[in-house]
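What follows is a pair of complexes built around chain A, which joins chain B in one and chain C in the other.
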Partner chain A sequence: MKTICDGRSGDTRLMQGNEAFARGALEAGLSVVAGYPGTPSSEIVENLAKASTVRDIYVEWSVNEKVAMEVAAAASFAGLRSAAVMKQVGVNVASDFMLHLAESGTRGGMILISCEDPGALSSGNEGESRPFAKLFELPLLEPCDMQEAKDMTKWAFELSEEIRNLVMIRSVTRLSHASGNVTLGSLPEIEPEARYKHWGTPIDPEEGPITTFPVHYKHAQMQQKLKQAVTRFEESPFNTYEGPENPEVIIVTSSACTLYSREAIRLLGVADRVGLLKLGTTWPLPPRLMETHLAKADVIFTVEEVLPFLEDSVKILAAEISDRIGVKKFHGRSDGTLPTINELNPDLVAEGLAKILGMTYQAVDPTYTALADEATATDAPERDLAFCAGCPHRASFWSIHNALEMDGRQGFVCGDIGCYTLAFLPTGFSTLKTGHAMGSGTGIASGFGKLDRFGMDQPVLSVCGDSTFFHAVMPALVNAIHNRADMTLVVLDNSGTAMTGFQPHPGRPSDAAGNEVPALDIAKIVRAMGAHVEESDPFDVDATRHKVLELLQKGGVNVLILKQSCALCPEKKGKKLFQVDLDASVCFGENCGCNKLCTRVFKCPGLQWDPEAKAARIDEVICSGCGVCASICPSGAITKKEVA
Partner chain B sequence: MRIYGSKELINDVAQRDLCIGCGMCVNICPYFKTYKGKSAMLFPCMLDQGRCNAHCPKTEVDLDALSHFFWNEPYDGSPLGRFKRIMAARAGEKVSGSFQGGGTVSALVAYALKRNLIEGAVLTGAEGIEPVARLVAEPEQVAACAGSKFIAAPTLTALNQAARDGARRLAVVGTPCQMTAVAQMRMNPTKREDFEDPIALAVGVFCNWALDHRQLVAYLSERMDASTITGMDIPPPPAEVLVVKTAEGEERFPLKEIRKLIPHTCFICPDMTAEWSDVSVGMYEGRSGWNTLLIRTQVGFELVERAVEAGWLEVETFPKENEQALSGAALAKKERSFRNADRHGYLRQDDEDCRPAVRVPPEVLARLLG
Partner chain C sequence: MATKALAADPYNLIITGVGGQGNVLASKLIGNMLADQGYYITIGETFGASQRGGSVMSHLRISSDSIQSPQIPKGKAHMVVALEPTEALRVLKEYGNPDVKVITNTRAVYSVGVVCGDDAYPSMDELRGWMDKLTAGAWFIDATDEAVKLGTAILGNVLLVGALAAIGDLPLGRDRFSEVMARTMPAGKVDINLSAFDKGLAVVSASSNNQSV
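For the complex of A and B:
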């Protein structure tokens, strides 16, 4: 098997950003990594899991990000180098422990890699985690390309060991999921030994118990560590300046925005007017280095995604040293020079820079834009964001939606994060009516389920995936049961963390490295908690609707487990359960009695409307053979035959 | 008559809370389902015209069109509707079993099945308290569905399903609202080329009101374990109670309380005696063990004649004074309901955009309401 362990020192390889992070961790002598899947972070742990077949490291998909950070911290406490890996929202989950960890400090080098999603391409929010570094007084690094991803990761372990605290690295989608050349270093030959030394006093950093107590002492230590980091930042090769000695404008930037800024300068042809201060160490800012560069120009343009985090730091610092560098004019996301939402790109940066320089810049000819818009409207087939063909979620929400409509009391479903989030759209029959964080649907349903005394008579459901159930739903369910809420949780069990690529979770029988592990049974767990439990195959839409309707009439906490593997899971992919056929001569088509139920409402991508035949047809290539459409077809035109 | 689609049906029936849950919009398409006494639309079908709306007894019912279709006469608003003969009737000696009233409906349907005059009958059975639609094919199965359920029932779901499955020559037994729905269906208002009338016999049962299923269950559930209920009865006046039967015995609830559970839609219904049917059957006030039988059509006439000859039905003349009393009650319901519907604006047909619940010829309305 090819792994990121392949390649010798000095070799140059094309690597994905996440591969480079993983390689950097290995070059640093990482022993333990723990994470929870989430786009765009998942490949780091996945690559290290593959590497674990050839290197002696422990790789874990943890139940959630907080536990992942705790698992990684344990390794650090035992003197090993470790990493916790997650996406930006995961840092929120881990943040409670992270605050305490920052104050207690670490022992073996420990890093947090947070891969973030400006523009929310694969997220339910456009949050970011850099402010946590400031909030918890921890050093923050932001690599700008794949080489830096690898090199900074390695250096982060050294820095962490030096200051005995967690070091945070922030990546973004365009770095984690892009690829570039990386010149490799060597993989160390090490034989790490794990031992937790706890026999000293609590203030003994080498052999004492690791706690946040005594709090004031540890807080002072924490601040001292941060100062130590700043000293190293002043000399860091990851902070560079390129451009004239006396530019009109200095761009201060980091991460993938470095590349956008560089390209913007080139697009506008203003390399002689604009300097580029690229920072790899973005919190705390190294004041001496900053003073040297900020002194060069009167106009400072900060380019970053998502919040004006760097911009605020630069402004504060500039104010502090204004007697030496003079008064500056600031531009960035705060003053609207750059959009305050969504990802950036070279055009947006160029537009912003042109505005500052009094130039005009038009990325795309408006005539072209108009033509493209017109062509998109008329020539491109209409495609909604949709569940895949054969997705069990479509069938599940079909039954849930129909049960709620039949019940007729304006019941609703509280959702959270997973492929099933799409059910707020027509592909899930617009069934989800709240959508927030992992597990929040069930917590919210628990709350709704107590409002009967104020006249609320709408039935309340929540949905969660099997991975989410373990991640964050269990405490919410305990809450609902203990507090006698009236609600029904539907567990959409598709046998894996499907949205991020089938990573295992505690309900699965194998771990990140493929070892056999005990699988926890969701039905047994919820039964033991005291909920009324029902199970159904979501592909049996009539039985499932019946079960949902039954549960809607019951008080207390009910759990319905709808178990059916994801259509794309490795065991199922490419295999059809049924051969599905459609007899166009029987199809009711647009007539009363159907009016294109399958293509207009059910909308599985495997079904297509043939406007000439005025009948539906099955797209053999896309159909995954789940057979559900045969159950919903009112004319009997769709039939299914079990594939032997 | 005017035909609209599912959108208007939801607007004019569900949102006005006029749905009686007869089941006529269910099982003709995938969009309508019935649950606990109410029809629900799962998704809008987007068609401008549909059978769901055209057959619904609570919107755009054109009484004059129905009357012309059935009797070739204009709608005249007569209290009992058009009929050939009124009689007293009860099940004959060939029919075994005990009945709430005279067993006339069971006797006629069982006889028609026995003689193969029909191939199946759409009836209303019960599961506990819940009325359920039943399609029966054997005469012996009829008695199990005998007796009033007192609750609005989705009987016609079984009719639609049977018709879809290709059944023809069906009998259907139903309340006036259900008979109105069936009558509209038989007119094929959407002009479907493949339409075949599946009905061979329409038996209407008298009805003043029915109880709302959900409200009744909620009411009873607060006072007893509703899941233990095996049956219900409202004994003739002056009892003024609802008797609920369980395995352990009976519970009694004052009718004064129970009447509050009548859905608002029953108070706009002008029909007490199921005018759009071949025969209509009801209680015989003051004569226990007998029914009132209205024979309306030739089909009804011949059936009754044969059933009497064969000993399945026993008939007697119906006293004139009883007919007058019945007629007076039916007229009172008509007047009350038209007045009530008019007050809500459900009869308005004064401009193009109006979609009344019932279209009543203005002269009839004027005569009835003064």
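For the complex of A and C:
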């Protein structure tokens, strides 16, 4: 399959969840999509960007998620079908606008796809966006497999257009990044015409200006729309029940947990005792449908990730109709039948269900497990996460770390989100000392930079990536400059949104579809803001360390831009800057030498310690030829020669 | 479409390795070869931070009747294909059982701990010993070395797909392979991939269990 546009109606394809979301949007006649990259959501926009080469759609990587939602809303206001796509944390960023949008309503069908990461497989948190649906009184859909990912996306546009409000779809890593068979629908031939009709009164949903005013009127409208959605939910084919008519236990579940629950029932062999109520429409719950099924059993087991959001809704509803369905016993995340943190899997659900049914579940014979544990403990060395060979971040943190040591005042670095978050670990010399949201390192540094009056004399730095700079660092830097904080921001500019797959950002000369666009110059921007600006090549570790040390000892707001492309970026991958060689006879890694500085401390995977030769050596396959290790070897055993 | 009966339904296959070895591509390839024959395929991937030296794992579930959980239950793997030998051990700890089979590359990828001298990497004999104890059959294949002979180390994954086809638990015929290649690969790369697949088929067909091939 070259793009997600390939394939005719009725064809069955193996598709990734995110491909299915994108295909569903195209089948619905999407015209505009905007998002900000973030695992596990990025492939939705990337696939639509590829599709834009053969279909007339506008695809945008926006500067951040709030702007992405605003861009998508504009298309909806002009009568087009649009989507905003982001990972869960992005919904937090977009939430201010989202509250207002929910109250103002939409015109062309508009959906939000929020991809979440229970278990924090690629995230710094286990945050959830489902409560936003409740908070903002919006309908919430949760597909359970790739086919539903496509089909529910298409339906979500129809629902949005019917109720004239945003519809939220929630995915999880195990769905977005899983693949399965999907039977395709047709791609409509559409000729959308964008026109914003604003000549009516503010309460005219067709031709009035779109605002939240008059607030009470619009709020009542918003609640009416939600009720309308519930009537659709009552009839939705995405809510299903499987199992006996009078089960001992009913599992209420949604999303990927549906598949875990189904598997758990099979693992325990209890299909005749347990019913499975699978919900695709999880907020608000359809009360009549719920009543029909909750009445079937006295024990309700809610299986979801991560917080007990669905469980709480079920409990409230069950309390409201307890005169008709009787008193229930509830199990789930709240009572510890399932762990209160982390993602689920078939085993955790099976263990929980076994507990409820008074059974025991053992996946494997304990003697086998003991043997396999021993094998792993003795002969499968752990793989700690590390910067790649030739990663500019390793060089940058080497210089920052050494400058802080030389400065000697217990200075520290505030970080945020990106590959450079790994600088908490030995691979980045444990240099990062705070780590929170996008751009937070700089906001926090701005705050630390005002604490001198209370005796704080530690120098403060923050780091951010080039994409993060535009996303959320700029306001924090403005704050620091305006409020006369003392701090230094180091921009680790590796020429793209590297961690999520090199998506372009406003500092890059091309957009999501590869069109030429103006690139904004970070140095010029920060200079115009009024910061003192320096630039350096992080691979020149001596010059970089010198600059960092100088800035640490200077007051005010300083910005150091360290520019060097990611070792994995398409332009650089597989090309060596230098041929790096190591003369083992000169290496003094042991005895009274450097104590293996290059392999023990610098730890580039391209360098290996050879205990027999008592010397380091270069692994030609892994070495990317950045040449930095030649600068750090104290005995001059490592040399670099420019590759022509 | 009618499908042939499977050795187990669902059949649970795990492909494991280190970020950048072509795990995801191998799982997609096998998934497509089987989906073309009408099987329900579910692939769960664990990646994200994988390019930064971490372990990666794809769970493939093949069924004649339905989509499955993208995570295989503990202890329920039927086959493990490892692009890196210690990763096979790590998978057995979670998903192994006395009946599991393993096909593993012999080429080590050292972790940062091994690189810097903190951890020791096991010998191939030690790994072979564990496989004897933990599996019902293990094939050690010099996939990377053979792939390098064909021109590039990255073909190691395709070579192991060929080896998996030779074992015969799954209907992964050469014609299916070439069909998927023709559909998904640039024309210039099809032949070299076919050679890698054939090499994998050949090394297993010429060997018996627990042998280095």
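In the analysis below, the second predicted complex is superposed on the first by the 635 of 644 C-alpha atoms of A that agree within 3 Å, B and C clash if a C-alpha of one lies under 4 Å from a C-alpha of the other, contacts with A are read in each partner's own complex, and residues count from 1 in each chain.
Everything that follows uses one rule, which is that contacts are C-beta pairs under 8 Å (C-beta built on N, C-alpha and C of every residue); 3 or more make two chains touch, one makes a residue touch a chain.
Quick caveat: nothing in here was measured; it's all calculated off a predicted structure.
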With both complexes superposed on chain A, which partner does A:N402 reach: first (chain B), second (chain C), both or neither?
first
On chain A, which partner's contacts cover more residues, chain B's or chain C's?
C
Would you sort A:E189 into first (chain B), second (chain C), both or neither based on which partner it touches?
neither
Regarding the shared-chain residue A:P346, is it in contact with chain B (first), chain C (second), both, or neither?
second
Just to be sure I read the superposition right, which of the two partners does A:A386 touch: chain B = first, chain C = second, or both, or neither?
second
Go through the superposed model and pick first if A:P634 touches only chain B, second if only chain C, both, or neither.
first
Under the stated touch criterion, which partner chain does A:G593 make contact with: chain B (first), chain C (second), both, or neither?
first
Once the two structures are superposed, pull the chain A residues common to the chain B and chain C interfaces.
600
Residue ranges of chain B touching chain A (in the complex, touch as defined)
28-31, 33-35, 38, 40-43, 45-47, 49-51, 190, 192
Contacting residues of chain A [partner chain C, same complex]
1, 12-14, 39-40, 121-122, 145-147, 173-175, 177-181, 256, 259-260, 262-263, 267, 345-347, 350, 363-365, 368-369, 371-373, 375-376, 378-388, 419, 422, 427, 568, 596, 599-600, 603, 605, 607-609, 611, 621
Inside the complex, what are the residues of chain A that reach chain B?
401-402, 405-408, 429, 549, 590, 592-595, 597, 600-601, 632, 634
Contacts from chain C onto chain A in the complex sit at residues 18, 28, 31-32, 35, 40-49, 51-55, 67-76, 86-87, 89-90, 92-93, 96-98, 110-122, 126-127, 130, 133-134, 153, 183-184
